[in-house]
Amino acid sequence: MRRGLTLCVCVLAVAMLLSTGWAKEPTIRIGINAPLTGDIPKVGEGTKFAAQLWLEDIKAAGGITVGKKKHPVELIIEDNESKAESAVKVTTKMITEDDILIMVGPQASKQAVPAAGIANNYKTPMITPWSTNPDSTKDKPYVFRACFLDPFQGPVVANFISKEFKFKKAAVLYDVASDYPKGLAEFFRKAWEDINGKGSVVAYESFTTKDTDFSSQLTKIINSGAQVLFTPQYYNEVALIVQQAHQLGWKKPIVGSDSWGSAETIKLCGKDCYGQFFSTHYAAAGATGETKKFIDRYKAKYGYVPDDVAALTWDAMLLAQQAIQSTGALSGDLKKDRDNVRNALSQVKKFQGITGEMTFAGKNDPSKCAVIVKISDAGEFTYYKSVCP
Amino acid sequence: MLLSVENLQVSYGNIKALHGISFGIGEGEIVCIIGANGAGKSTTLRAISRLVPAQPGTRMTFMGKDLLKYEPDKVVSDLGISHVPEGRRLFGNLTVMENLRLATFARKDPKGIAEDLERVFAIFPRLKERENQKAGTMSGGEQQMLAVGRAFMSGRKIMLLDEPSMGLAPLLMKSVFDSMKEINRTEGTTILVVEQNARMALQFSGRGYVLENGRLVLEGRSDSLLADPLVKKAYLGG
Amino acid sequence: MAIFLQNLVNSLQWGSFYALIALGYSMVYSILMLFNFAHGDIFMVGAYIGVGVSFGLLALTSSGILAIPNWLILVMTILISMFLTSFVGMIVERVGYRPLRNAPRASAAITGLMIGIILETGNLILLGARRISFPSLIETATYDIGGVFLTNKKIMIVAVSLLLTLALHQFIRRTKWGMAMRAMSFDFVAVPLMGVPVNKVIALTFGIGSALAAAAGILFGIAYPVLDPYMGVLFGWKAFVAAILGGRGSILGATLAGFLLGFTEIFVAMIFPSTLRDLIAYSIILLILTFRPHGFFGEPYSAQLRL
Amino acid sequence: MPDTMPKTGKLRAAFSRVPLLGWLLGILAAVVIEKYLGTDLALGVGLPKIPALFGIDIMLKKPLLVPNAFLYTLLIYALPVGVVGVATAPLANRAAAALIRLPITVPVIVHLALFYVSMHLWAEVSDYRALVLRLTLIAVMLTLSLNVINGYMGEFSCSHPGFMALGAYCASVVTVGLFVDKGMFGIDLLPEGMGPFLFPVALLAGGVLAAVGALVVAVPSFRTRGDYLAIISLAFLFIVKSVIENLEFVRGPRGMSGQPDWAGLPTVFLWTVLCVWTINNYVRSTLGKAMNAIRDNELAADAMTVDTRRTKMVGFLFAAFWAGVAGGLFAHVLRYVNPGTFGIQQLAEVLAMVYFGGLNSVYGSIVGAVSISMLGEALRPLEIFKWIIIPLLLILVMIYRPTGLVAFKDLDAESLLRPKQGPDGGA
């Protein structure tokens, strides 16, 4: 017993010595809440990489300068396993345990909505780069997003197709079990029927997450007489849908949404996707300025063109940085600082992100333009036109 | 001694089924072990076939080889110990022919197999008639014939028979025992039979053991056991 | 009519995946009465091995070491991957199931589930989060036959899977190993008494099942060229449904049930609003089992064969 | 033993004299110390703040701090629990002896109250702890209720996430529909003040709906069993998910959010106690024994005049009911539900908890749920490797203890709460 006590004291003394250098400067901790495992690990990877790229810049600059002081920055990257329950735990942990100033993520609405509730309860600012579900920010003053919403994107695409092709009959194919495609499909249908009259969406077909065979739905669509197919799906499903449609004899255009905007789309889909259109946040091919710089850096470091998640995460990081800087000074009182950051975020105007200009002006959702991209015959995403609210 | 068993102990969980029994069987003998239900008869056979693990302290040798070093299937294929289990355990979804063929799984002498098949059919002509019938659809007596035939095919140094009389009419029972005696005579196959039907078993065998609650309590020549008053009282119904 | 035929063609292709995976499931299930919950993930591993092998062969041909046409590469890919994946199955059996031979069956099922998670995560760690597309070894050719669209790949997939099913059926019927497997599904305990090396037969069963899963994985990669580490999960569970639905110990049953599952999913989506597909498709299965509680070909077995 | 290791032997003897009451007092002392001295001590040993979960995640994140975190855990938890436990042992034994003479509910309530107070104090240090604790308690309910079907009844049911989803949605519809402004009906129909009183009603409604859903699985189980039941239940899970995805009034795949924050630690704790208590009584009742008989041999059970239909029916409904209640609580802890949550992944998790902890065992379910939940949290810093470590651990447990860690053990309150007699006879 006595020897044990002596040992304890010794360990204690050593520990004291080791720990003398603990945190003198108030470090800015930013939480990254990403799905590193689970259903969509690629999204998590893009988030993590973009955030780490941003951190490199900050480290090179020696930290974030707020007022006149330089604060070191630490990223707290946690895995939400693509589960709502886990997202809530991770958010709570980051806020109460890791003392983050602001959180970026989660990405998918399934995790973003519950996490947003937590962040709002703890009065901690949160930016979800990718969640387009209106619920994420609704009635949650502390929660912001870096992307446009489904109610905006749906009409954009409907208008574009009507005007561009003069089509009257459209078909929709979407994942009924995933909130993003389902929401967008609904908004598209509504907008389309507003333009072309009731019943002008001649086929409204769905499948379930992780399905890979869409032949039955596509057969229905092909036989419905639709002139165009709108499918707001993720890149992996896009490849399958487009290829299967062609194999079943579909020769008409297929239009997509921002979820198409991944470097993987073309890799997986190949020639079948050439010539198709989709709406998105940014066009990687032919990008200029900051956007191009980001794409090139990301590509050099990780070996592939960043998708929209990475680009939006990058913007969210910069938004966070700008908001922190525009608070003027950090008091060290986390509660106060978080409030200040939130207020600064809501006042952001004309933020020049790589995914376009963003203005919050007191709201939690940015007003932001969408871009229509055409996939060229070289498989690049080329800028076609911009649609602003 | 062809098979020698020393201090065989087997436990199922905390329950000790065999408390260290010892016996031996010479080449070409017919030996029986009689005993009541639950005395440990089947366990003895299963231990020899290595289907149940023996406790430390057990020694079993067969033709001078340490039995404990063999896996259950090697006991059959390498040593030639065949075991007709209680209730026969035929593969009901296989045909008669397939049942017999399966028993030769590890044998690599197609000629020998063909000859043995002929011999089985010679001993049990009924099986030949039912060659392509599913084993599960045959009568009890035919099934017992098939079980013996199967054992004959898999290895014939020694045959372990577990309750061959179970569920058979007396006449059938007799014919099954007769054909086994035939095998013993013509092939020199050693036979160890365990039976509840003590009279049948003792008439059939040359030597016998009496097993009670996991212990061997009596042994001797079968005719003397048949005459033993204790055996008479306990196992022969008077 | 054209729509019906088109859907029939579609469901044949879709069903052949369920059938092939269900076969492996069913084989293990009939011998060991074990739910091999890792099987879906072995299918995934098989597909990835297929990608690796085909890239390897492509690299060899493009560097001039091998001079073979693409279709031969495909055939070789399928064969080599089946061979390699069978070892994955055997290792899974050796590590995860053999130590649990005498344990409650459900415990082994849980082990399988965990091995599946390890395979998925291992893939994620090794290859990263990106999805991999299967190299297109043969060009897709689309044929229009009276409004019904067929592709050469579809025909090949259905043909290969039927061929493999048939081959397996013959193997089970005609060879002594197949005989031993059938015997084991009837009476596991009595089999070693025939001098049959039980462990080898079980390993072979896992090997064959995994090889079939690998074939399914490669065919899947050809039809749906987007692979990800979790692709086997849902497939595994659905093939599990098909395998059990087919009835214990019935190769034919598992195949038919696999195709039936494919048909149900596709035709339900054809007739009803596709949003209700899972709802209706699985209600049908539930009804089938309520009124035919032992599957299609299975026999009612004693209550002692339990989990 | 005493000759070779006199010290540890004595220590063990001392520990063996401590009754449960004494341990609880020790734990109480530990958490009180942590509450008041924890921060200072943490800073003292060189940790930035009180480690949330016994310092495991600090150890994994910053290996240099392993001794510090270890020291903290030793000083704050192990030492006070041990010292207070041993020191108060005579007193606690006397108290326990006095309590045990009263009707059994009294000592049970005393112990639970003590336990809850310690838990509450422990959770007060950090909201993260409280959240983990609440979800762990819910996991206990889920695991225990699944154990009724898979362990006691010996079926292999895959429908548990489905029952949970039914409960979660039903309870959410009641609370969001009736009490939340701008909720489902546009207005709040009932004043919010009534909410906490009607919350149990919402949970019960969730449980009842889950039980009704269980009929779909229970009725076919009369005719079929084992493996076919496994796929019936799996089909049921797919069906429930599909139904919810298609129901617009619960917002389909978007999920429902905005559940009122009524599932605090005390509420969850009370429901968990209720769940453990009823299930423990149930499995020890005649009906519970009948389930075991069915598991061991259905035909024989039937022959022995066990009403197999009634037994199965009650078992399924009972288990589903508690899964539904757990689902309702789950929805109100997260304050968001989504049909995607109740899928195969959730199923794998609950199954893992049941089989890890131990079949046929109330203790086992508690052990399984707590250890897997806590492990899942504590190993978070390992990121993706967590999903290698946890499955490996489970496989090892399955190999070395095929029925789980603590199988076949019911909770016996009386023997648990009894005062401990020391080995040398002193009370």
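Each chain carries a letter (A, B, C and D) given by its place in the written order, and its residues are counted from 1.
Throughout what follows, a contact is a pair of C-beta atoms (placed from the backbone, for glycine too) under 8 Å apart; a residue touches a chain by one contact, two chains touch by 3 or more.
The structure displayed is predicted, hence computed values, not measured ones.
Looking at chain A and chain C, the chains in contact with each of them are D. Touch-path distance (fewest steps) from chain A to chain D is 1. Each chain gets a centre from the mean of its Cα atoms; the one farthest from the centre of chain C is B. Taking B-C and C-D together, the pair of chains sharing more C-beta contacts is C-D.
In whole angstrom, the spacing between the mean C-alpha positions of chain B and chain C is 42. In terms of their C-alpha centroids, the spacing between chain B and chain D amounts to 53 Å.
Work out the mean CA point of chain A and of chain B, and you get 73 Å between them.
Inter-chain centre distance (chain C to chain D, centres taken as mean C-alpha positions): 37 Å. Each of the following residues of chain C touches two or more other chains: 121, 124, 233-234, 275, 277-278.
Listed for chain D are residues 241-242, 245-246, 384, 387, each touching two or more other chains.
Residues of chain B in contact with two or more other chains: none.
Pairwise chain contacts present here: A-C, A-D, B-C, C-D [touch as defined].
Within the complex, the chain A residues that touch chain C are 36-37, 39, 41-42, 44-45, 176, 205-208, 210, 212-213, 215-217, 219-220, 223, 236-237, 239-240, 243, 246-249, 264, 267-268, 270, 304. Residue ranges on chain D touching chain C, taken from their complex, read 150, 154-156, 216, 219-220, 223-228, 230-232, 234-236, 238-239, 241-243, 245-246, 295, 297-299, 344, 348, 351-352, 355, 359, 384-385, 387-388, 391-392, 394-395, 398-399, 402-404. The residues of chain C lying in touch with chain A in their complex are 3, 6-7, 10-11, 13-14, 121, 124, 128-131, 133, 136, 140, 142, 144, 149, 151, 153-154, 220, 223-226, 228-231, 233-234, 265-267, 269-270, 273-275, 277-278. Remark: chain A residues 1, 8, 11-12, 14-16, 18-19, 22-23, 36-38, 78-79, 83-85, 88-90, 92-93, 95-97, 109-110, 113-114, 117, 121-122, 133, 135, 176-179, 182-183, 208-209 touch chain D in the complex. On chain D, the positions that touch chain A within their shared complex are 7, 44-49, 52, 64-65, 67-68, 70-71, 74-75, 126-128, 131-132, 135, 241-242, 245-246, 252-255, 257-258, 261, 330, 333-341, 345, 377, 380, 383-384, 387.
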